[in-house]
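Residue numbering begins at 1 within each chain, and the chains themselves are lettered A, B, C and D in the order written.
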Amino acid sequence: MRGTGIRAGASMTCLIRMLEKPRLKKPVLVEGLPGMGFVANIAAAHMMRELGARKFALITSSSFQDFAMTMEGGMVRSPVNELYYCPEGLVILYGNTQADGRRGQYELCWEVLNLVKKMGCELVLTMGGYRRDYVAGRPRVYCAATDVGLLEKARGLCDGVVVGNIYGAAGLLLGLGKVLGMGGVCFLAETMGLYPDARAALEVLKVVSEFLELDIDLSRLEEAAFITEEIWRGSSEERGKYPF
Amino acid sequence: MRGTGIRAGASMTCLIRMLEKPRLKKPVLVEGLPGMGFVANIAAAHMMRELGARKFALITSSSFQDFAMTMEGGMVRSPVNELYYCPEGLVILYGNTQADGRRGQYELCWEVLNLVKKMGCELVLTMGGYRRDYVAGRPRVYCAATDVGLLEKARGLCDGVVVGNIYGAAGLLLGLGKVLGMGGVCFLAETMGLYPDARAALEVLKVVSEFLELDIDLSRLEEAAFITEEIWRGSSEERGKYPF
Amino acid sequence: MRGTGIRAGASMTCLIRMLEKPRLKKPVLVEGLPGMGFVANIAAAHMMRELGARKFALITSSSFQDFAMTMEGGMVRSPVNELYYCPEGLVILYGNTQADGRRGQYELCWEVLNLVKKMGCELVLTMGGYRRDYVAGRPRVYCAATDVGLLEKARGLCDGVVVGNIYGAAGLLLGLGKVLGMGGVCFLAETMGLYPDARAALEVLKVVSEFLELDIDLSRLEEAAFITEEIWRGSSEERGKYPF
Amino acid sequence: MRGTGIRAGASMTCLIRMLEKPRLKKPVLVEGLPGMGFVANIAAAHMMRELGARKFALITSSSFQDFAMTMEGGMVRSPVNELYYCPEGLVILYGNTQADGRRGQYELCWEVLNLVKKMGCELVLTMGGYRRDYVAGRPRVYCAATDVGLLEKARGLCDGVVVGNIYGAAGLLLGLGKVLGMGGVCFLAETMGLYPDARAALEVLKVVSEFLELDIDLSRLEEAAFITEEIWRGSSEERGKYPF
């Protein structure tokens, strides 16, 4: 009986399946995971579509939900994070979930940062929503950064600086990136966080495009933002008519 | 003093004790762990008995319950998962428990998938119950799959497709299998989930037999299903007579 | 700058510091950790004292309490497990705590079993209390075992067999020992579990001595049991006099 | 496609980034993490400033909070522990947080102890607050130690010995240090723990300076202690005037 015996599995955290190994020159890591108002998620999705980003890695974590989801027609979809790249020199962290719990968050961010560091990444850019009870007119965009140079540049493009904590991957990637010697900058747009907020995503993306000197066509996102706003204004007016 | 010093144990997850190393040609992994209505567990047990399956691995996980159970007569039984094989080309994941918590579930599924992948496995088939408040007549069987080809084939044998999440090992094995490049298909039968539901297990097994083109004698399971139904109908009638 | 760089610590579970590496012939592992009524703990302590056991390993676990305790006079004591050996061929697992949580329990038991297996151990003997609301007269001793031979031998010395689950290290060591190919037997004495129960420990130790064919002087434990009982009876009588 | 495939990340605990590798002769590890009344944190900060300590390592743990904090002006600060050294032969563990949970605490303490052990460390000195409902006049300082010699020396400088448990890193470092063969001593000063207590920190630092035979100028800490006390007395008097 060959091959028998006892095997002890080591505690797993993330599994990264590389589909391709892109060669980029000092790529910037852009975080686009779901969070407050789905701001980063929407902004990243738009960026990926407009820049023709290409998926090169699948990431699974033992801190993701332990179920599979079904889509219409019976196709199975699982909690997953993915890495995309664009020839413009971006690596985008995208997905349908964030890891749950401190350990899960740290380990996933750590694995991703290690991977992009090997690809030459020196800058981490995170995005997200900035929770407000009410957002009137254009959502303002706030920034924060891990070093003075980045902060100066970011402040010139924003309405102000972030006050308070930056939760989830958007915050952790900055801190862990710093430990790995990478600079970090974060852009948060005001959102009520009650629905996927294309309006806030648009404002973040405007600033990010300028910051990274990218030429991204924002017209489709503007349209989505317009529609979202219409729906929301409509439902608010409806709500105004009926007490609840 | 030889052999002294400090040893740091690495975080353990699963322990797999191989009893035998079977050689199979592209085996299909069939999941038969306890879950909703014990549907998968009963179906797998029947399959194993009728096909003369043979145990080849014991699996322990640090996410199983931390106790031993006693059986009549004082024999000790522990929470365990097991792998069986049949010459027909099946590897069956069977057991008296599922791992607890996300990490536990992910790590166990991951270890099992890695093991069967090395055995040449390219397809994962999971089973389970589909929770209903009431099941009238024949329990319907629903399917879901990770790719279009498998889904087409499965839909032809089922009453419809799964809507919603697939929890536990039945869902996770699909998603993690996909990361490892394996196809995945799932069959769930309607059950109220209030008792070990041999009736639902029978319906799942009918579909699975067809899907895998296996010739399984279902008469013993039909008998069990009949008895279960009698007991349940009887107790329902009893309940009808007395208010509680 | 030599020696700089990043080091990632792997998830630690148990740390075992070997003080000595004893050579024993097929030693039996005896579990004596704190639990219900401190039955195993007291029995093991007596066994160790009477047989002149010698400490050979210190065990720390990241699932122990995260504090230090002080003793009279300011000396610091930490949560610890220890391994002792006797020339009679015993390895005794002793300590002032059990690991907390499933992972902690599994990992500690696993590390200990791996260590003693390398020393030639083929049998695991666990002890403990069997919770009763009231224990009249001599506490009865119950047994359980992982194989028929051990069970037969144990039943001949006991009042009956264990019904239900065996919690903590006393149960886990049996199941994990089995995965490692070691036999396992467990002896539980009736206890109310309200105080360190020397009476129950005495009864367990009588059976264990017979089972292992050890010649242990039980007079000191008998004395302790007598005193415990006096105290308890006294306090019960007191309680009888005053309503509370 | 080179470089593709699956990578499984091992469970991460601490990440230590070495900025420099100092050479010291049998340095003493001094713990100065935040805890009860921030006593250790304040004492360590003062010690570091007066002795001109130099940062040589950054420590991140997956048991730290999973967010980034912003400071005035938008600079990002993350939960971090740091190691400093002084030519006097001290290694100081400093930071803005402690790891959360047993595993996190054990693993961080373990990694730090392993690192300083390699640097030749044989003594661990921890500090902290000793919770009191009311502290009248000079906060008393209590000690505890892992061996008799250290305890004797410490008692000669203190008002008494610690009674009860020593929580967090201050306690764990003693116990784990002992497993690694290092001596351990702990000094706790009385504090109400309601505010950063410079007064208690001063008393601890007086004793620690004597114990380690260090010449530390305490005037700045005395000033801080004086101001703290004034503020507190003021606010207490205020409170006396208004019921709440």
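Odds and ends about this structure:
Here is the rule we go by: contacts are C-beta pairs under 8 Å (C-beta built on N, C-alpha and C of every residue); 3 or more make two chains touch, one makes a residue touch a chain.
Computed from a predicted model, the values in this text were never measured in an experiment.
Shared contact partners of chain C and chain D comprise A, B.
Homomeric contact chain A/chain D: same residue numbering on both sides for under half of the interface positions. Chain B and chain D have Cα centroids lying 51 Å from one another.
A separation of 36 Å divides the Cα centre of chain A from that of chain B. Chain contacts: chain A has residues 6, 8, 10-12, 15, 17, 110, 179-180 touching two or more partner chains. Those residues of chain C that touch chain D in the complex are listed here as 1-12, 15, 17, 58, 60-70, 73-76, 78-80, 100. Those residues of chain B whose C-beta lies close enough to touch chain D in the complex are 6, 8, 11, 110, 179-180. Those residues of chain A lying in contact with chain D across their complex are 10-21, 101-103, 105-107, 110-111, 142-148, 151, 154-155, 161-168, 170-172, 174-176, 178-180, 184, 186.
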